[in-house]
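Both complexes below contain chain A, partnered by chain B and then by chain C.
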Partner chain A sequence: MRLTQGTFSYLPDLTDAQISAQIEYALGKGWALGVEYTDDPHPRNTYWEMWGLPMFDLHDAAGVMQEVTACRAAQPQKYVRINAFDATRGWETVRLSFIVHRPADEPGFRLERTEDRGRTIRYTLHAYATDKPPGRRYG
Partner chain B sequence: MGDAAPATPPGSRRIDLRTLYADSEIGPLLAELDNDLVGLEPVKRRIREIAAFLLVTRAREQLGLSSGAPTLHMAFTGNPGTGKTTVALRMAGILHRLGFIRKGHLVSVTRDDLVGQYIGHTAPKTKEILKRAMGGVLFIDEAYYLHRPENEKDYGQEAIEILLQVMENQRDDLTVILAGYRDRMDRFFESNPGFRSRIAHHVHFPDFADAELLSIVEKLALQAEYRLSEEARVALRDYIVQRRLQPNFANARSIRNAFDRSRLRQAMRLVEIGAEISADDLVMIEAADIRGSSVFANSLPKSSP
Partner chain C sequence: MNDKAKQARDAKERYTPGVIPYAKMGYYEPDYVPKDTDILAVFRITPQEGVDPVEAAAAVAGESSTATWTVVWTDRLTASENYRAKAYKVERVPGSAEQYFAYIAYDLDLFEPGSIANLTASLIGNVFGFKPVKALRLEDMRLPVAYVKTFQGPPTGIVVERERLDKFGRPLLGATAKPKLGLSGKNYGRVVYEALKGGLDFVKDDENINSQPFMHWRDRFLYAMEAVNRAGAESGEVKGHYLNVTGATMEDMYERAEFARDVGSVIVMIDLVIGYTAIQSMAKWSRANDMILHLHRAGHATYTRQKNHGISFRVISKWMRLAGVDHIHAGTVVGKLEGDPAVIAGIYDTLREPRTPENLSHGLFFDQEWAGLRKVMPVASGGIHAGQMHQLIDYLGEDVVLQFGGGTIGHPMGIQAGATANRVALEAVILARNEGRDIRTEGPQILADAAKTCQPLRAALDTWKDITFDYTSTDTVDYVTIPTAA
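Entry: the complex of A and B
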């Protein structure tokens, strides 16, 4: 099952040229770009591993693409995403976040039902990948 | 910049260099360069050559002739204060308008910004700077400090290797300009042949002549809305001759500093008068403001008033 998270998640995977264009857009807005990766695809997992520090003071997408390429090469079987952080007062948050790399095989999620008091059913998602310990997920 | 249609042989297709020239806005830029920078004839000629070459490369591209990205890395050599940084800034503008770099900004660094203090510190530091310079020009001042032949464990070598790699593989992403004194740069290139071969343009900045330094001050004065009196001009001419004989003469930089100090002396003189003054008094720099310099104190009495 294809993971859909962040901006553009229902589009086909972006090509490098398209990723560059998005980075250019973010840089044009003055946002700081960061590259992150994880092997825990749960939608509530907001804390991905940082690939280096967020990049401030960049003018061109080539610098970010360099990090994306390096991160993909080092973590080929993990999810990699780009975050664009807006430091403007009042925003101070991530304005744009999208996946730029995913593992070859994505087993997807299982729906878990827990019966609660009064026969209420509580639902949660469980990623099949996380059954294995970190580092051994996704082959 | 589409590919040429395969139907027409490349020899028969035509392109108007003049329209290309007009489109690139390079004309005004070069005119500006001629107007704003005094002297530096060999440098200007070289820049015009580079600009023409870039224009032709672009025309070739449009006609579908092979034109692999030209190597644009440059080395600027010359004594201090001969305008290397100023020209580098202009260069970023020229390359940008010709479309060879995407952003046209200049990142100016020295050894401290590239080389780390301990093992494993250099590579991230250098890469960080390179990332920042992507799409623009990386200007490395006094580049020869990167290489310390007396210490083979020096981390400078690591920075050099990363630089060389990026200069080779990401030629279209950034342009590197190295700057420094001529003799030391020559020695630097001798011990790092990789650098020499990756740099296409070696540009030497000659020292300024006395008359050129004088017109630099006049330009500075004009910009700052000051005027030099006739006597002040004579005094300045004497000053330049004297200053050149002293150690640490840094061409235009020394002269600019001298001009700034003469503004201080002018202010002091006006305050000491203390009476009503006119706008003319406020703009006029007199000979006394220049002759007050310590440069004259050590020189022969004949030139003092």
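Entry: the complex of A and C
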């Protein structure tokens, strides 16, 4: 399966030139870029590991790309995403978030069902990858 | 004669039993300067033949506040000066021979805090049937911060909804399950599953799907949640289905909403026809239960569409932001339903912005400060398809739910393919927009390029390429911006 979290997961994987253009866009808006990675793809896994702090004072796309490249090299078998954070009053949240690297093989999720009262079913989403300990999940 | 004596004589004259014009009763004060705490309203008035527009405006102010048709001495037991609404400006509608805009100020103490029912009972109560006006339309309102702060507002709001769904930087995608009526719960869930698995974020019950003989509500909720969870497992995304909890009574609605919560839905839905009090109750329930609340504006066009009589949808939007809904259908511009671009822009700003300055060319008559009240996500639905993606994003921006019902389910390769076509078109246009391309002019090329690696998008573009709904809008703005040389 292909994990389709993030703004652009239905498109072919973005090239570095395309990623740079998105970074330029976010910088132009005054947003702070941050790089994050994980090997737990569960949609409720809100807190991916931060590859350093959000780059509040970095204003050129090449610098952000360097961090992306470094993170990918250090975490080749994990998901890497770029978040663009907007500190404007009334937003104060992520405005753009897209995956820029993913493991070669994505085994996906098992849906577990527990029959409950009436015809109700309790659902649990379980990522196959997380059967293994962190760091050994994607080979 | 000293001032005191003059006042006593004026008061005696004013309260002589009988009928005197509303303007003379104190409901027209051209020198009045509205207070920051006043609620302001602008009405479009069409007076009956021979009725003076100022008197008509004063009558509207009177009938929507303290007045009755004749003088009553009991006014003198009150600080009636404060409670009288005051028409403070009356001006002819541009380009119209018979219509006038009447600006009216209401003292804050005329209204119960935090109650849309109470506000509307005054403002749209008796006055719309008042004989001396041929037609009447509530065009816009200014809600003072002191009043805004008495409302809960949207239970979730755009920011928290996006964080909860983990979806940023693009419009959300939805579809209404079709056919509207007749599917069994099991067959209905199939439509939900296919659409969500294909790439939509949400599927939606239609407004008139409640609990009919062919599908009782519990069946629908259970099968829909199977579909939502299965699609989540196939994509690793948070998905949702708007479970319509509209019912005959509040007890029914609470029962349905609680069941929706218990089976794990992230969102429930209500129809505008349940009424303002029921909407506020469901807003409160949704805040207490971490639920996104979707409002379908069923019935609104009976009073919002015609320009001479009724209530403008921008007013309904303001009331609904106060009452507290997270989603509201607010027009598409390009689809099959009413929607002039300038009017829609004013409505979308009203729902999404922290404050909206007066902008007559978008139909906004007043500055409006929302004082931290959460933002409502507008929903664009009705006769839209993937080939219009660049126009939709250009007009509506990215904080919107785009709902392609027929445009998903009617896809020649099936529902999943229809959903995928929409998602790919959406992401391709956002990517291009962020790259600085002019999506308004380059849109068709951007979509054609994306379709090279996406057969479902190619098929969607081929199927609906010439489908547009190009009719003149009935609800349009009255003030046109004429560009001036700098």
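In the analysis below, the second predicted complex is superposed on the first by the 138 of 139 C-alpha atoms of A that agree within 3 Å, B and C clash if a C-alpha of one lies under 4 Å from a C-alpha of the other, contacts with A are read in each partner's own complex, and residues count from 1 in each chain.
Quick note on the criterion: a residue touches a chain if its C-beta (ideal position, glycine included) is under 8 Å from a C-beta of that chain, and two chains touch if they have at least 3 such contacts.
Everything quoted here is computed from the prediction, not taken from an experiment.
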{"item": "Which of chain B and chain C A:Gly63 touches, first, second, both or neither", "value": "first"}
{"item": "Which superposed partner A:Gln18 touches (first chain B, second chain C, both, neither)", "value": "second"}
{"item": "Partner, of chain C and chain B, that touches more residues belonging to chain A", "value": "C"}
{"item": "First, second, both or neither for A:Met55, with chain B first and chain C second", "value": "first"}
{"item": "First, second, both or neither for A:Thr4, with chain B first and chain C second", "value": "second"}
{"item": "Chain B versus chain C as contact partner of A:Leu111, first or second or both or neither", "value": "second"}
{"item": "Which of chain B and chain C A:Gly90 touches, first, second, both or neither", "value": "second"}
{"item": "In the complex with chain A, residue positions of chain B that touch it", "value": "102-103, 105, 124, 127, 130-132, 134-136, 170, 173-174"}
{"item": "List of chain A residues in touch with chain C within their complex", "value": "1, 3-5, 7-12, 14, 18, 21-22, 25, 41-44, 46, 83-84, 89-98, 108-111, 118-123, 125, 127"}
{"item": "Residue ranges of chain A touching chain B (in the complex, touch as defined)", "value": "52, 55, 57-64, 66-67"}
{"item": "Touch list for chain C against partner chain A, complex", "value": "159, 162-163, 166, 168-170, 199, 218, 222, 225-226, 229-230, 232-238, 262-264, 354, 372, 375, 420, 423-424, 427-428, 430-431, 434-436, 450, 453"}
